[in-house]
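Chain nomenclature is as follows: A, B, C, D, E and F, assigned in order of appearance, with residue numbering initiated at 1 for each chain independently.
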Amino acid sequence: MRKPKFKPSAEVISGETADIYFVRTIDILKKEGLNPKATMEVFGSRAGILCGMEEVKALLDEVLPKDKREVWALSEGETISTKEVALRITAPYQSYGVYETSIIGILAHGSGWATAARECVEAAGGVPLISFGARHVHPSVAGVMDYAAVVGGCTGCSSVNGARLAGVEPSGTMPHALILVVGDTVKATMLFDKHMSPEVPRVSLVDTFKDEAEESLRVAEALGKKVKSVRLDTPSERGRVTAELVKEVRARLDLAGFKYVGIFVSGGIDPERIRYFKERGAPVDGYGVGSYISGARPIDFTADLHEIEGRPIAKRGRIPGITPNPRLKRIL
Amino acid sequence: MRKPKFKPSAEVISGETADIYFVRTIDILKKEGLNPKATMEVFGSRAGILCGMEEVKALLDEVLPKDKREVWALSEGETISTKEVALRITAPYQSYGVYETSIIGILAHGSGWATAARECVEAAGGVPLISFGARHVHPSVAGVMDYAAVVGGCTGCSSVNGARLAGVEPSGTMPHALILVVGDTVKATMLFDKHMSPEVPRVSLVDTFKDEAEESLRVAEALGKKVKSVRLDTPSERGRVTAELVKEVRARLDLAGFKYVGIFVSGGIDPERIRYFKERGAPVDGYGVGSYISGARPIDFTADLHEIEGRPIAKRGRIPGITPNPRLKRIL
Amino acid sequence: MRKPKFKPSAEVISGETADIYFVRTIDILKKEGLNPKATMEVFGSRAGILCGMEEVKALLDEVLPKDKREVWALSEGETISTKEVALRITAPYQSYGVYETSIIGILAHGSGWATAARECVEAAGGVPLISFGARHVHPSVAGVMDYAAVVGGCTGCSSVNGARLAGVEPSGTMPHALILVVGDTVKATMLFDKHMSPEVPRVSLVDTFKDEAEESLRVAEALGKKVKSVRLDTPSERGRVTAELVKEVRARLDLAGFKYVGIFVSGGIDPERIRYFKERGAPVDGYGVGSYISGARPIDFTADLHEIEGRPIAKRGRIPGITPNPRLKRIL
Amino acid sequence: MRKPKFKPSAEVISGETADIYFVRTIDILKKEGLNPKATMEVFGSRAGILCGMEEVKALLDEVLPKDKREVWALSEGETISTKEVALRITAPYQSYGVYETSIIGILAHGSGWATAARECVEAAGGVPLISFGARHVHPSVAGVMDYAAVVGGCTGCSSVNGARLAGVEPSGTMPHALILVVGDTVKATMLFDKHMSPEVPRVSLVDTFKDEAEESLRVAEALGKKVKSVRLDTPSERGRVTAELVKEVRARLDLAGFKYVGIFVSGGIDPERIRYFKERGAPVDGYGVGSYISGARPIDFTADLHEIEGRPIAKRGRIPGITPNPRLKRIL
Amino acid sequence: MRKPKFKPSAEVISGETADIYFVRTIDILKKEGLNPKATMEVFGSRAGILCGMEEVKALLDEVLPKDKREVWALSEGETISTKEVALRITAPYQSYGVYETSIIGILAHGSGWATAARECVEAAGGVPLISFGARHVHPSVAGVMDYAAVVGGCTGCSSVNGARLAGVEPSGTMPHALILVVGDTVKATMLFDKHMSPEVPRVSLVDTFKDEAEESLRVAEALGKKVKSVRLDTPSERGRVTAELVKEVRARLDLAGFKYVGIFVSGGIDPERIRYFKERGAPVDGYGVGSYISGARPIDFTADLHEIEGRPIAKRGRIPGITPNPRLKRIL
Amino acid sequence: MRKPKFKPSAEVISGETADIYFVRTIDILKKEGLNPKATMEVFGSRAGILCGMEEVKALLDEVLPKDKREVWALSEGETISTKEVALRITAPYQSYGVYETSIIGILAHGSGWATAARECVEAAGGVPLISFGARHVHPSVAGVMDYAAVVGGCTGCSSVNGARLAGVEPSGTMPHALILVVGDTVKATMLFDKHMSPEVPRVSLVDTFKDEAEESLRVAEALGKKVKSVRLDTPSERGRVTAELVKEVRARLDLAGFKYVGIFVSGGIDPERIRYFKERGAPVDGYGVGSYISGARPIDFTADLHEIEGRPIAKRGRIPGITPNPRLKRIL
């Protein structure tokens, strides 16, 4: 993936997305003329994959005074351990205090998604994964969610803006809606083939009207070498996609000479389900993962002041002074 | 709360936030000249509080042809049961097919947050709750998250734009950062009192430097009748806020004549913790709830076509034709 | 059901099926001239439905001396409670001692099957059940197993001799083998209809080649009013028969005007699965139950001597003398 | 054990023990003149010890046309793994279709018993086991059950016909009934010794009237070197046979000079109980196992057609064509 | 039971049994001339039966100055709830500070034992219980343990000094040792009868050499009407005393005309075991309870100062001032 | 620790602490003139640390006839395994029969305490432990309990007489009561320092009035080098002592230059809690352990006669004759 371009929104810069008490705090400090050099450290509540740091860096670069700032951080996509300091900001407090809410929110949501993606990737052991969860989050974060999924190891994602952020081509097959509107799976696949540019892979969704194995053969017979894969998305009402179904479709395709047609599986995929397919030897060629990634719990991050004008300080429950972490690199 | 004003973003309208396969489907259908009147039904995967429908309505109102549309739905804030149809759209398929991703994403995230908020509200049995979770989500959804929390029953929220959406005043006390910068809790509280306009309640955070009970008495003695409440936010490193701590602070405040000072509790609050305080008779006057609401799992929604040009149809696993639901009201 | 006719086999009468030590015991007692009037009581190790007593009675009637016998028992099909005396024999010990093995074996196996059948019947709450488990037991007991299933409440069974014993018509639809040999479900159903006498119900097995809903419609369209039901037997590799599948097939049949076609369900049926269908409102018209009944654990029965020539006696661990049970009736 | 002689019963040959739908299927196929060469494969639902194949072979040898048959199978007593093909029949379908019920029933029941026996044998680690469960099954299968127990590894069994099938001497000690009729354990043992031929081992049951240790000494003192073992069968009402009881009886026998008297244990014996005795070092010389073997759940077997006239075929959920299994050997 | 007489030991009075820091505290306060009137409250960590208060009262009566003391308390044998104040002392601190260790130790141990006894008593529902646990505690507390058991509801106890404290006759049957030394249960019981004064009940222990049922009959036949009961104490090596054993012994005694002979049960008795006998209808006439009572966990008590010279005070975590408890009565 | 001096109390010698049935047994045997040489073996019901043997030896030395005794035993503090013989007495039965209750009671209670202490010691891995549980047992056993704790591995104990028995100096810091009476922690610590002799370590209890970290610094600043440690005893109402609190207090002391001040932790300490501190790297310098040791369940001991005048004998359930145990040493 290419380096993403993040630009802080006007709403974030203006403090609209902040907790009101930070707005008030900066107001008070300004009125009192208090603007000490303060060091804030940020850590996550559990281990995972760090994501959001590029966006945080873009924000800090814009708001911190260039000559009075020092920012150390871990990199996008690195693993973090529980309570490990991932970001340390030293700058006049008034310049960044109001952004605490947004900074740790970006890291929380992004790292939660990337960590869930990584769990799936590790379970899949080399079989590619596509993030399919845009439909389960608010569209305002569909893009950053898909970006985080790719940071966590997915090879692609379905949302247009997520793919752009992540620097990949958007991935997708066809929805049930197309087949229902057209009225037949084979016909819908042929229309797809007719109108889509050649570099878009032909992946046919085969569970809409008929038995998946029967439909797979019909599609393969109709389109021949053009078919890249079939997608199995059997709903839970019909028993979900099972390892045996994958094996049977594989066997029937092979028996009919369609060994080149891949099998792509979606519907309720999570690490446990991926392991289930793997342990039973189901020949899956790709997975679409939805709400396991998109609905992942954010990793809560905490920001603490540890030095004021060089003096170690901390609230009760925390250790005063800089927390050593040799993994940090200076980013600003 | 006032009726919120939602305006679909350019990114949503343009299809940027959609799954690529919907973009392609509309492309194919246009090239084929297929644009049947289609009925799509939307339902959630589990019971909860519906939230996001106002935003969905604003989107549909903008994209559906005014003379060929019929939209039925449940209302913002209503309870929904598992798999109950909450939205039914009948319109030419090309006019809305590409928005399936955004529509169900808005409902999924919003209903997840509102449902979690409602669980807290029900546990609290009348004690007011403030949504404090903006710091645990990406700033692009901080506002809609806080809005959903208020839909679910919170009396306030901490983010500036969330409060505006929900039509309430933003709520907040003071952060540990203010006290650490100022160097003393009493002094910080006095500066707050000095600079904030009178209608902002004086709520002092009392666990930064000293024992909570001791600090509560110091603040009450210094500010007298001006103090509305103290906030207890003891970190887990110091054993969290316990029911006994609340009772003890109450007793020591009362013994010293400060019966009018309320006690506001935050830090790891969830329905179980709220019930814990309630069952032990801890005299809590308000709760700040963070990641239990903001990190709530979205309620996945599903959209299915059930009629094409008046003909019942459905993919395997679903029942063809309109699903009766007398609770639906026509909204467009 | 009619009263069954049981005739003890030569193997049982000759002592071939007995434990060797009973054969030896009778040998010793004969050599010693010991043949006291002895009272033996028989009880089961757990509660259930008594089955096998008719067969035991037929055996005792043949072997006990007509003028020196007194046999009290509970009736075929009655409930028994844990350790309740179900049979009491008083007769010269030499006349029946060698049959202890066979007597309690008949009761053990029969009561185990009947009890399992009753559990299914109670779960089904009025929906008829057919015993389909002959294939899971040795053919020497296929008949008595099916007989016991009917004693327990099944309305029919699949084995020819089981049905004869139970006094019912044998039940069955068609096997997958017929459809595979013929090559098409519709064609196989039409051949069935062509050759079977009119009183045999036309029940078509619809999961062999195509989607169950699609095949159900094909069969209904081809045979019309002649079709009594379709049988769903979806294998676990395809997710088993689910409640939603039953509902969908029902809906699609109804939508096409085939409201009179029933739905019969088989495959892994047990009380838990029956309750699952019932709780989810699946419109099942009949169940085929296999190994839950046929593989039921026998209810172990124990036989103890309690009186010798009128004297109370018992081995350690048992109470000497007759155990009162007013439910017993004299049968010989 | 010698090779057993099985002869299919008239009831099996006539189709009396079959599911009615196979009877009807053959009827239809005959009327239609359909009799393709068909290949049926049979596999078990879980791993275990295969038993029943000798009986199946005897049946197939009688019914399949000698010049048009090919039967491959695993051998009696071999281990089978889950879903492993254990039997493959290729022959004109009309010649064997009706026997599917009996074939898989024989294998199901036999393999269930043999597998349970093997579990006990493995737990016992060399200590001999006798099958004592004839009393817990219908007498029609007492013989095949005991035969299967010996196939599974028992060194003997108690039923007369089971022993004959398995080619061993029937085993047994004496029942409580003999002692109760005679009135004293020592006296009963002496009568046993007086009348039984010398090759029958003298094993005295010592828990009927007195403390087991006391009675063991009385018997040993009365019969001296003639006693082979004592059998402990303490009922659950008296706390079952415990490891400590075995050790104590051993110690008291040894102390009195009867080191040559063995200890045989029965009553609720299963693999867990056998391991319990072993782990506690109880010097058991033999076990009698009852319902753990005789009440074992059958291993359900499934029969599927995989080729018709050489063409791969299969119902949905199964893989068409021959399933490779190099372990199979041709038996007919 | 009569009111017990407790006299504080010299070791307690001298401070030998105190925690050293109380000794030092009194030393410091004396040197500083600090001796304020202080109010100490004592509460238990869990609910139960209060025991030890009589002994505490005797101690306080001896050490507190008669004119400057006020002691309020709950009474011996009353129920206490969790953290309920059970004792409140107001007196010059130097007069009692050093006894904190002993006061709460007496209450902790005594209440632990009495509470366990009460649990047994409640399970037994009227069947008398004897405390048999002296053998499981240090002899220095055997007496107070047995006293506490009687406070908790036992009708007797086995230790000589426990019985004296509790004001009852010591209870006991005979040990296995007597029978082993004498060599026969009947003979031992006859010697017991010969030498013991008539008011000592004749209770014969019947599991030493022979089967319990057999021995019970032998004893009853030898001593006739003199036998009050038999005691069953079957060791775990022989399966413990079971409900069925009790019923069988009862039945065999009754059958032989010894209906007047009671059955007393001991060995591993606890509330669960008592309920087991009760639920199975075992006719037990008395229980001996050992380590369930004697090994009961003490109920930890805590002592806190709540007023100094009339001023409310408390350490962190506690509420300053007198804790209201209307159940307290003034005892000194 | 020095060898302790135990002297049997008059109450034990007189039989006052015995079960009445031993008193009666000796009475009967004397009247009958039965006084055989008897061998009694004593074993514990579970594995642990043996404690009490020194006290038992002192008792036996006083009561057994010097010329007719042979006593073998394991040593104080040795590990014992389940049911291992720990003591074997051979002597005229009348000389020791009445002491069975006291002998096994001493071993039971002592070994229970020592075993619990050992578990804590093993968890602590070198960090010293002080027994603080005198307050949770009756004062009559406070001394022997603390002695047993030292036998189990504690380096000290808080009771005056326990320390004397164990041959160590009594340990303790200061109670909350001293601080409450004096009114300030620093002032109380200074008075302690003023009046206590120099060899008593200055350990200040720092959780009474203020935050523990703040109070630790105040004490360290006031007393400087004289302070040996601070004790953290935070009550559960305030979240107990956590690993993070220990680390924070350490960090704040170090930052202020008080690296020499140790941290001693008490309050609900048990092996699990010790491991919790250890696993989280909390720098604890010593633990005070209370009711985990003092409230430990006694290890029940059993005494059995195994020989009478050299003849092997045993009650049912036990093995007659001497049980070999090469670990035993002759002690009398």
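Please note the rule applied: a residue touches a chain if its C-beta (ideal position, glycine included) is under 8 Å from a C-beta of that chain, and two chains touch if they have at least 3 such contacts.
Remember, it's a predicted structure, so these values are computed and weren't measured experimentally.
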Partner chains shared by subunit C and subunit E (touch criterion as defined above): B, D
Interchain contact steps from subunit C to subunit F (minimum; 1 if touching): 2
Subunit A onto subunit F, rotation angle from CA fit, given as a multiple of 5 degrees: 120
Chain whose average C-alpha position is farthest from subunit E's own: A
Centroid comparison with subunit B (C-alpha atoms), farthest chain: D
Interface sides of subunit C and subunit D: same vs different residues, half threshold: same
Computed distance of Cα centres, subunit E from subunit D, in Å: 57
Between subunit E and subunit B, distance of the C-alpha-averaged centres to the nearest whole Å: 58
Multi-partner residues of subunit E (each touching 2 or more other chains): 209-211, 234, 236-238, 244-245, 248, 316-318
Topology of the chain contact graph, where touching chains are joined (line, ring, star, complete, other): other
Pairwise chain contacts, counting only pairs that touch as defined: A-B, A-C, A-D, A-F, B-C, B-E, B-F, C-D, C-E, D-E, D-F, E-F
Of all residues in subunit F, those that touch subunit A in their complex: 211, 213, 244, 247-248, 251-252, 255
List of subunit A residues in touch with subunit F within their complex: 312, 316-321
Of all residues in subunit E, those that touch subunit F in their complex: 9, 11-12, 15-25, 27-29, 31-32, 34, 36, 38, 40, 52, 93, 97, 100-102, 104-106, 108-110, 112, 132, 134-144, 158-161, 163, 170-183, 191-192, 195-196, 200, 207-210, 234-238, 290-291, 294-295, 297-298, 300-301, 304-305, 308, 313-318
Complex contacts: residues of subunit B adjacent to subunit F: 209-211, 214, 234, 236-240, 242, 244-245, 248
